[in-house]
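A single structure is presented below for examination.
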Amino acid sequence: MTERIIKVGIVGGTGYTGVELLRLLVQHPRCELRAITSRKEAGMPVADMFPNLRGRIDLRFSEPAAAGLDKCDVVFFATPNGVAMQEARVLVDAGVKVIDLAADFRIRDVAVWEQYYKMKHACPELVAEAVYALPEINRAEISKARVIANPGCYPTAVQLGFLPLIEAGCVDAAHLIADAKSGVSGAGRKAETHILHAEASDNFKAYGVGGHRHQPEIVQGLTRVAKGPVGLVFVPHLTPMIRGIHATLYARLTQSIDLQALYEKRYANEAFVDVLPAGSHPETRSVRGANICRIAVHQPQGGDTVVVLSVIDNLVKGAAGQAVQNMNILFGLAEDTGLTQVALLP
Amino acid sequence: MTERIIKVGIVGGTGYTGVELLRLLVQHPRCELRAITSRKEAGMPVADMFPNLRGRIDLRFSEPAAAGLDKCDVVFFATPNGVAMQEARVLVDAGVKVIDLAADFRIRDVAVWEQYYKMKHACPELVAEAVYALPEINRAEISKARVIANPGCYPTAVQLGFLPLIEAGCVDAAHLIADAKSGVSGAGRKAETHILHAEASDNFKAYGVGGHRHQPEIVQGLTRVAKGPVGLVFVPHLTPMIRGIHATLYARLTQSIDLQALYEKRYANEAFVDVLPAGSHPETRSVRGANICRIAVHQPQGGDTVVVLSVIDNLVKGAAGQAVQNMNILFGLAEDTGLTQVALLP
Amino acid sequence: MTERIIKVGIVGGTGYTGVELLRLLVQHPRCELRAITSRKEAGMPVADMFPNLRGRIDLRFSEPAAAGLDKCDVVFFATPNGVAMQEARVLVDAGVKVIDLAADFRIRDVAVWEQYYKMKHACPELVAEAVYALPEINRAEISKARVIANPGCYPTAVQLGFLPLIEAGCVDAAHLIADAKSGVSGAGRKAETHILHAEASDNFKAYGVGGHRHQPEIVQGLTRVAKGPVGLVFVPHLTPMIRGIHATLYARLTQSIDLQALYEKRYANEAFVDVLPAGSHPETRSVRGANICRIAVHQPQGGDTVVVLSVIDNLVKGAAGQAVQNMNILFGLAEDTGLTQVALLP
Amino acid sequence: MTERIIKVGIVGGTGYTGVELLRLLVQHPRCELRAITSRKEAGMPVADMFPNLRGRIDLRFSEPAAAGLDKCDVVFFATPNGVAMQEARVLVDAGVKVIDLAADFRIRDVAVWEQYYKMKHACPELVAEAVYALPEINRAEISKARVIANPGCYPTAVQLGFLPLIEAGCVDAAHLIADAKSGVSGAGRKAETHILHAEASDNFKAYGVGGHRHQPEIVQGLTRVAKGPVGLVFVPHLTPMIRGIHATLYARLTQSIDLQALYEKRYANEAFVDVLPAGSHPETRSVRGANICRIAVHQPQGGDTVVVLSVIDNLVKGAAGQAVQNMNILFGLAEDTGLTQVALLP
């Protein structure tokens, strides 16, 4: 691998995944940030919107057309759903790698996607080509991709938590339960009443119990590695914290197995998955700002239900960090390049 | 019913259930607070410790011996586990009603209690007599009791959530799952590192997955109404909020049933259980400071798993409010006397 | 005083002062709520928007025109600035008392008002008639008013804190400093990015240092009781909590005086102002949900600077509670009728 | 400068400044961590106490005697007050540089120190030698020190905020006011009731108004650069956030001056002080986890009072980060070595 510098563009850098990408990329030793686009904020210095970046980034938000994205090596889409599918084709044709942090290329069944995302897909043929990029499952495939579908935050925590069980075929995969809790940044940087501090602080609630967009994404991912049909009840909750996802996973064991050994072996060579000692309870703050998933596995009272606790920072391993990890794979860098931040605790 | 004033004593009023009892009792139209004991703080005006009570209560903490508790009509124990069992006998013999907000009289099987609470029980014969007092199940029994075991916070939210399903016999009661989340006040007003603001804020974690004291209490309660064996996986979590419990409950349906109708009918006459319209997601803040449990029932994707969402304020319906409700029953008052506070929102 | 029931209307009940008014009024023994208007939400049951009110209020939001406000005894405006000035005239002419919780009638100098609120005043003649209603200063005047300008939240905390000093003429009133901190509900229930949980939580900042609308309101109020010109530097801050204002006030003493005695004497007969013992530090949570201002006065190192600490709940004594207090005065009720809630602690 | 690796020891690594030092040092390219001592936790892997460090540090806490601290190049004391003064002498004599993050060497007047810290000083002669190390004031002196007194958190924010004014002699230095707000981690990782989440969350209060230990430290620091006597009223407040200090500073101008230019010029060459554009309001989150102080200066309504807003992360620029900055100076490294983390926002 040469010491080539990767030229990076970001489309839509005004949300939380955008600022988190910026935080990681300005500390990445092999990247040069060429452009950050925002139609609405074109002309504004990025550091005026995100003062944590003062002194670290001189770029201004630019008009997409004038950004020269086709001269980049890779373009990240940190946009709302439905944007990347409009713009990826041109970039791919120009030889630019595309990493979409939104959902446009995550669901292979376009009809399902259109049902859950309530819009017509603009680019089904790239869906077929795109790689759903959870490195712990398919990094070889990722390394050759042109279009990367970066997994959702809940799907990352839930899939990494269930994966060893499903691969081992030791649970009733048709009746999985994922009780997931997310910090409020997971809802994005949108001016909506229900995520105001005065509404969401000192409060806890479930939402989307009837059907959440991440449910089919998780089922699709687990189905690929399962030995039979996968069924999932997925209940997300809003938690009064800024960052962090805690997924509590339940499955019925169909055979006796050393769960601790199963997990430790599965993730022994994974830099970004940390299996805690038996009896542990991972905390979301232990991954705050860091690109890592920490997991503990329990079998309460020695019964037939396995309980998995899986935590990530939704903006890092659940979004921007995983996107950089995928970029590193795409460009043949060590997978942890620029991703060695230690979680902020307390 | 005469307009008699109830003479009330509180043992151990320096914790959160204590101050919450005080908040409710100073607003109760039929109570006269006679004594609040605290060995450690004897002599200190109560309002010096709890400034929200300034101008509303003139009492000082007093030595238990000098408190004249045996002249009260009812004594609440807002003490750590293991205190009430030492002192209840004398009061009961003096004709004083005892309401224990701790766990001393909750578990009928004394051996199980001693295993979970790690001490020898000092008064097993009162355990046999005591009434586990969840009014929505057994208010007739409560009205005649001499010793009231006030239910735990998690057990209140979980039992009220599962009750209609178990009574109807429509789920696999041997494989219940309760994924419960509690605000930090549930851990009590104790100087412990893990519940410091700098540790517990902006953080989320499970705890006690291997076995929590409320698990046998819930199983005991549900077993009484079940038509077969009850099995429960109970996973509590610490949530960065002050008050509130959100229990997310999972059970496998064994027959088709109109869940919404089942819940609405079961609680139609209960003042302190509110069944929300179909499709709802109760928030903990909607019960903050109020003696009420709000419940929603879901059947995601029409599958065979029922999901129940049940919220309470752990210090009110989960402790002090329910204790006052039980007192009202004991003394023949309208059950909502002094319990009509509206939840504080936002 | 007869036991007459007061017929109450609320214009604009969908914000935080609205829901707080509702919380207080449904517990008020002498009020009957006749209408709550909201053009946007007309037809929606109030309890659908504010689930803490489920079971306690049956009203729906109604169209202003159809609400029959002119049949009410009193109408509260819990609206954005600029609404009450459009609608008060008609109500006043119909003999309805008007209590505006917004700022339309607070500033007597209409030119100043127009400068700070950036709109033309629609009803200057009612400004001249309206009574700025801080009961601790002018309850006699309030009792005879037709239009009540309910004070702002910061102005309530700051004026009550400075009042004894200014009345006594013992400080340099031309150089007052008010360093005030507010919970996020003070910004209202508006979908704005900067008050999102993910922005405002675990964060602290000043705002409006160049000039805040409450600065002229405070200066106007203090000038009325001052013996000379009043100058004020007012610096508000956004604090990551839901409710509460903490004003830290600084003034230079011009004479030696027993500050503790001064404050205790001034507020000896005020039910809703609590002067703490010397050396105290009031906490905002000690007034959470309660209609009270708690104050402590300090003279650090015996120097010539007096420091006053003044706390209120911005939604209660800083808005809805004070509005109800003013209503009680208007209708000759005991001033604390329906306002005896104890603060929620913890 | 050679590429020599600095051998580092930490005494007392179980508190918040300890874990923060560890976070920074494991990412520092020129340090090798040799020992972390804790009498109480000797033998425990550091990463068991601080799970954010799992996979990044293999050390265990060790007994001080067995730690080989005298073989280190530098030893940090992240201990309670009163420890470093007992142990520094031996290390200094062994040629080891000592950096004390506590207060033992901060106050040159030992009598004042003993009054405020309520203990006898064990090592007054090292107080005389020690350098109070605020790099923006005296980095030349720091580079030659043997004992570094790392400034307190409040004193860092307050001194950096006042410094340009005091140096310029343009304010009445005898009547300074510092209204400071701190996150709860500033109180340390101690099991105390008043900093529990259930006490400190959703709450705001002042404390120590009668006299705080940081008051004489700030006065001492500002006196060195002042042209006359310095007087300070210092009012600290506890804010419901984990990290961050916001100091709001007030001073009376004695002459007309271009404040913005004054500040920009003073800090033009400082990597870790960022003067914001005129009219700005710095947020504590903009420095969360980063070694930087951001400052804005205001002159409200063009009056004679200057208002300075100064924010730091109390654990970084207010403690561990500044300690590493001082280490870099001591060892001739570029001052920002290992200190280029970008603040975590949101």
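Per-chain numbering from 1; labels A, B, C and D assigned in written order.
Throughout what follows, a contact is a pair of C-beta atoms (placed from the backbone, for glycine too) under 8 Å apart; a residue touches a chain by one contact, two chains touch by 3 or more.
Predicted, not measured: the structure shown is a model, and the values here were computed from it.
Among the remaining chains, those touching chain B as well as chain C are A, D.
The chain pair with more C-beta contacts between its two chains, of B-D and A-D, is A-D. Using mean Cα coordinates as chain centres, the one most removed from chain D is B. We define each chain's centre as the mean of its Cα atoms; on that basis chain A and chain B are separated by 39 Å. Distance between chain B and chain D, defined via averaged C-alpha coordinates, is recorded as 45 Å. A straight line joining the Cα centres of chain A and chain D is 36 Å long.
Residue numbers of chain D whose C-beta contacts span two or more other chains: 16, 183, 185, 189, 198-199, 201-202, 240-243, 282-283, 285, 288, 346.
On the chain B side of its complex with chain D, the touching residues are 16, 183-185, 187, 189-193, 195-202, 240-242. Considering their complex, residues 16, 19, 23, 26-27, 50-56, 185, 189, 201-202, 242-243, 274, 276, 282-283, 285-290, 294, 315, 340-346 of chain A touch chain D.
Across the interface of their complex, chain D is touched by residues 175, 177, 179, 181, 183, 198-199, 201-207, 209-211, 231, 233-235, 237, 239-244, 246, 248, 250, 252, 279, 281-285, 288, 298, 300-301, 303, 305, 307, 309, 311, 346 of chain C.
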